[in-house]
Amino acid sequence: MNVLKKLVTWARIKSPWIIHFNTGACNACDIEIVASLTPRFDIERFGIILKGTPRHADVLVCSGPVTRQIEDRLVRIYEQMPEPKFVVAVGTCACSGGVFSGCYNVKGGIDSVIPVSAYVPGCPASPAAIIDGVVKLLTSLEGKKLLAAEPEAPARTTEAECNG
Amino acid sequence: MANEETIRQELAAKFPFMAETITVRRERRVFAETPADRFMEVFEHAAVAMGFAHLCTITGLDEGENLAFVYHLARPDGTILNIKMTVPKTKPVIKTISGIFPGGAMYEREVADLLGAEIEGLPPGTRYPLPDNWPAGQYPLRKDWKPEMLDEAGFSKGEMKNG
Amino acid sequence: MAWPLFWILIFPGFLFLCLLGWAVEYVDRKLYARLQNRIGPPWFQPFADFVKLISKEEIIPTEANPVMFKLMPVLALTAVLTAFLHIPLWSTTPIVSFDGSVIVVVYLLTLPTLAFFLAGWHSTSLFSTIGAVRTLTQLFAYEVPLLLVVLGPALVAHTWSLGKMAEFYNQRPLLALPNVVGFCVALVTLQGKLERVPFDIPEAETEIVGGTFTEYSGRLLGLFRLAIDMEAVVGASLVAAVFLPFGLGLGPIVGFVLYLVKVLFVVFLLALLRTVTARLRIEQMVIFCWKYLAPAALFQILLSLVLNRII
Amino acid sequence: MKKPGKMTSEVLKASFKKPATIRYPFVKIEMPDKFRGKIKFYAEKCIGCKACMRDCPSNAITITKVGDKRFDCEIDLDKCIYCAQCVDSCVKKALEATREFELAKLNRTELKVTFHAKPPETADPDTPDEGTEEKPV
Amino acid sequence: MARFTIPIGPQHPALKEPESFSITLSGEKIIETSMRLGYNHRGIEKACEERTYVQDVYLIERVCGICSHSHSTCFVQAVEEIAGLVVPPRGLYIRTLIAELERVHSHLLWLGVAGHEIGFDTLLMYSWRDREIVMDTLASLTGNRVNYGMNTIGGVRRDFTREQLEDVLKVVDVLEERTKYYIEVAMEESTLINRLSGVGALSHEDALKLGAVGPTARASNVDQDIRRDDPYAAYKDLSFKVITDGHNDVYGRTIVRVLELMESYKMIRELIAKMPDGPVAVKAPRKIPAGEAVSRYEAPRGEDIHFVKANGTDKPERVKVRAPTLANLQSVSKMLENNNLADVPITLAAIDPCFSCTDRMIRVNDCRSGNKDVLSWESLRLFSIGWYRHRGIDFSGLNGKLKRMETK
């Protein structure tokens, strides 16, 4: 049976589909994320595709400190993603709120709203650093057995409103 | 420094009551202060007659017991005229200038949101920049306001959820 | 004996089609990336995508009708599989051969499109309903030229069975030459059937962010993508069997290699078409099909009738 | 009239050219030499004036006194914005911006880097060896 | 004609920023729009009052990710004016050099995004590939691809050696070649011209009345450029032409931005040629004496204005930042009038919104069927591409032509 587990974990590592979400960032990190798709860095060689809908995506790439107005939308997008899902916080603002962590309208890093699997510090995190972060996240999956969906998120049916 | 001097003389001649407040800080920068009630007159004269055709922005200041607003007007030749007027915090009402500068409406909404000024005659529109569910009566840019005041008003920051 | 089971499950059946489908998807994505001066995915990417999707949690929207929601991918898969049994791969006799198998194959190839429509319709999210409606409008546009163009060679061979047609052309390969126009039209309409750029209007990245498969995720999405890959293989081998029928019956090994070369050649042309063109809009696509493809197909039929007269 | 196949010659040519992709994780890339990456701390140079703590825009650096003339420094890589203002503010040049940019970590606690000062008895004032950088377990 | 309102949302998890527009349509024509902004409001001005001047330089620099040098220079100039610091000439020259390099990378970025908005993705791939050259130069000069951190109160933090400046000259030659190529595309390509001209019209008077700034205003014949009218840093010793254009529409803005690139290259060469020697910064006191100052800066998107009030302590009393995009946003509703829905993406992209201070959400409720459709930015973009392709303006042919020009 663990051959099957190994196979599934291998498959999850080799085909991580990502969805990008900007939670109030100064946009330097978003430009670097898009730059990693252009021919010079080309993350498709890792099997990574940028998907438009949370339903199809495995990895949620977030950039920016979470402002108050964005918070509920971030949670809604996170909930629409099927298990097992991961969150990569790109840039210092996403990791800890960065320079804006004192401002009144900012909640702090992404992990103050949703659980984060990998942190890529940098202001902005260069495309190479983002690729390094994603690769580290993927190689770490080899260790953990991720066959069954996490217990606390049982397969559930959610109301099919349009993706937020 | 010549044309700044002419601006000063012209303003001083037209509005003697504010003559001494007009100062020329450096080239292309003229600062002036007017009482609140005479402000519209001076503003209109500057914007229309003296050719200050571009309203850069409106800065709101919290000066202890009253609120001050600095209107930055720019002329194509680069000179900026900054007209300051103060209004008591108890009755922070100012008249809108979106009649002359429709673009100014957004700056006025920002001042109203962040400093709690009431703008008379402002056309209805969405609030900027604070969220809709922002507790009323909280004006972030006031000196006496602290971010913690938000939490008392039940607008909590949420605790740390670390995966 | 268990021959039929072997045929259905292993050889020209499910397993073979799966492997060939993934190989075709890999060739397509790699070529697409290389044409954009990028490296492109590794060779095992389609297999990894499939296994990952199968192991993911699937979310079924509450308003959606769960039975239909789950049934559609299976319907699409079965239709494509049964169609594959009718197509002569390298020997002139396909597994199932009867008079009229051409019509049946073309009909079976439209079933997946209906499955996509019903899937989009039943997942009730607004995105997918718009996507589903577009799948149907597109179906009407490319279906007629495809059918006409496949019937051309059948007329010349005086038979409706794919097996006999392959035999007929095998003896007189030269007769396949006038079918070139038909071959091009078949390629373009196959591109439409597989919903690939320039005809990927109902697909995920179209005008509506979700497209037909917005609400699908996990296993069902994996099955749908497998069905589309298989449909590509079946479509390519149908076009190869009808329009490039030379070299059949030279024994199993040589025949098999020749068949693979033919399918990869057709896939290469499809990938090229996908890189070169930009995405059409729905009205333009319908106009394009009726203004250019249908007349070309009719011309092909005329040519076949004239040929009929001569020989 | 739109001619769909116009790009064919160009696209075929592109497929024979070498792809413009640098294979990053397998081929190491170097940031230019004056790049502002992870900040490094030299414990023995520090005099504990805390100028860096005052000037850090996101208060990511904390200096703690652990003995006379011995200071530990703790840098939060997830708060730091890599502006290297601390390097400029430090009068004793005890801080330096390295070129290291691959700082991604899987949990946030690993992003706290502490530099410990040398233990007193072996501390030899004139040998400028830098403090041990010990990563939290 | 059925009149119905299209609120535009939700935020699309792609490149675009959160923003909310509500557009009233009659049939295809847009009658009026209203904007809901503030999704990116982080409360920077309040945070500035709680930090020292040295820290504020880095906080203000991160207001917007693409024009970070603009904001930090503007802020630092205001503080220097209050404190009466005179920045040594070499420091001013370096500051202006980085400013122009940032304008180059920002305009190239915009060119790609504009191409992407109208379905001409080849332009996106090409301009972003060339942009990588500028980004590498900036990384080797200033130590970071974006957020350069060059400015400090009283001057700049780094000095450049002769070789570094030589490399910049080489890079500028390569980029000038590429930009001539883009000008050729922008000027001649009929499909590009059809798709952009007549869209998002803003007359000269409206531009003045609504306070449009930067390339958006200059494309409506408003001859204003802070670098010439209110020169700061080293612009008074530079000779350059202010590009204005009479098209009053998106096509004019494209021309203005592309030609401005050429001007920037000339300025960079002049700056490096005339670079004086000497120190690059002067020691700044920690406590800035009481006073107030207004400083302006010509950011790639327009006039960026900062008002700083100091009260003698080491923390500013008040910092007011008005990003150029806020001024341009006023004129967007005027631009969108009697255009059609398909023109919304390119009109919005044409003011090159400095992403982090605007937000975009698109929500379509169809009055007839009554169901609420949420059209994301991406789908609105594709809708507009298709809508124009239906009218014969389409880019797939163009992609090829541009690529062939490229390989000639």
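Read from first to last, the chains carry the letters A, B, C, D and E; within each, the first residue is number 1.
We take it that a residue touches a chain if its C-beta (ideal position, glycine included) is under 8 Å from a C-beta of that chain, and two chains touch if they have at least 3 such contacts.
All values derive from a computational prediction rather than experimental measurement.
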Contacts common to chain B and chain D (chain labels) = A, E
Key: Result of counting contacting C-beta pairs for A-E and A-B, higher pair   = A-E
Most distant chain from chain A, judged by the mean position of its C-alpha atoms = B
Query = Of all chains present, which has the mean Cα position farthest from that of chain C?
reply = B
Remark   = Between the Cα centroids of chain C and chain D the separation in whole angstrom comes to 53
Query = How many Å are there between the centre of chain A and the centre of chain C, using C-alpha atoms for each centre?
reply = 35
Key: chain B and chain C, separation of their C-alpha mean positions in angstrom   = 66
Approximate Å spacing (C-alpha centroids) for the pair chain B, chain E = 25
Ask   = Could you say which residues in chain D touch two or more other chains, in rising order?
value = 4, 6-7, 11, 14, 19-21, 23, 31, 57, 81-83, 107-108
Request  = Find every residue in chain E that makes contact with two or more other chains and list them.
outcome  = 12, 38, 41, 43, 46, 51, 58-59, 62, 125, 129, 144, 147, 372-374, 376, 378, 389, 394, 396, 399-400
Inquiry  = Two-or-more-chain contact residues of chain C, please, as numbers and ranges.
reply    = 33, 36-39, 126-127, 198, 205, 209, 276-277
Remark   = The chain B residues in contact with chain E across the complex are 25-26, 28-29, 31, 53-57, 59-62, 70, 72, 74, 76-78, 80, 82, 101-107, 114, 125-131, 140-141
Key: Contacting residues of chain D [partner chain A, same complex]   = 19-25, 29, 31, 57-58, 76-83, 101-108, 111
Ask   = Which residues of chain B touch chain A in their complex?
value = 130-131, 140, 147, 150, 155, 157-163
Remark   = Counting only contacts in the complex, chain C reaches chain A at residues 33, 36-42, 44-45, 47-52, 55-64, 123-127, 204-205, 209-210, 213-218, 221
Ask   = In the complex of these two chains, what residues of chain E are touching chain B?
value = 34-38, 41, 43, 45-46, 81, 208-211, 223-224, 226, 229-231, 292-294, 296, 303, 305, 307, 309, 317-318, 320, 322, 326-327, 329-331
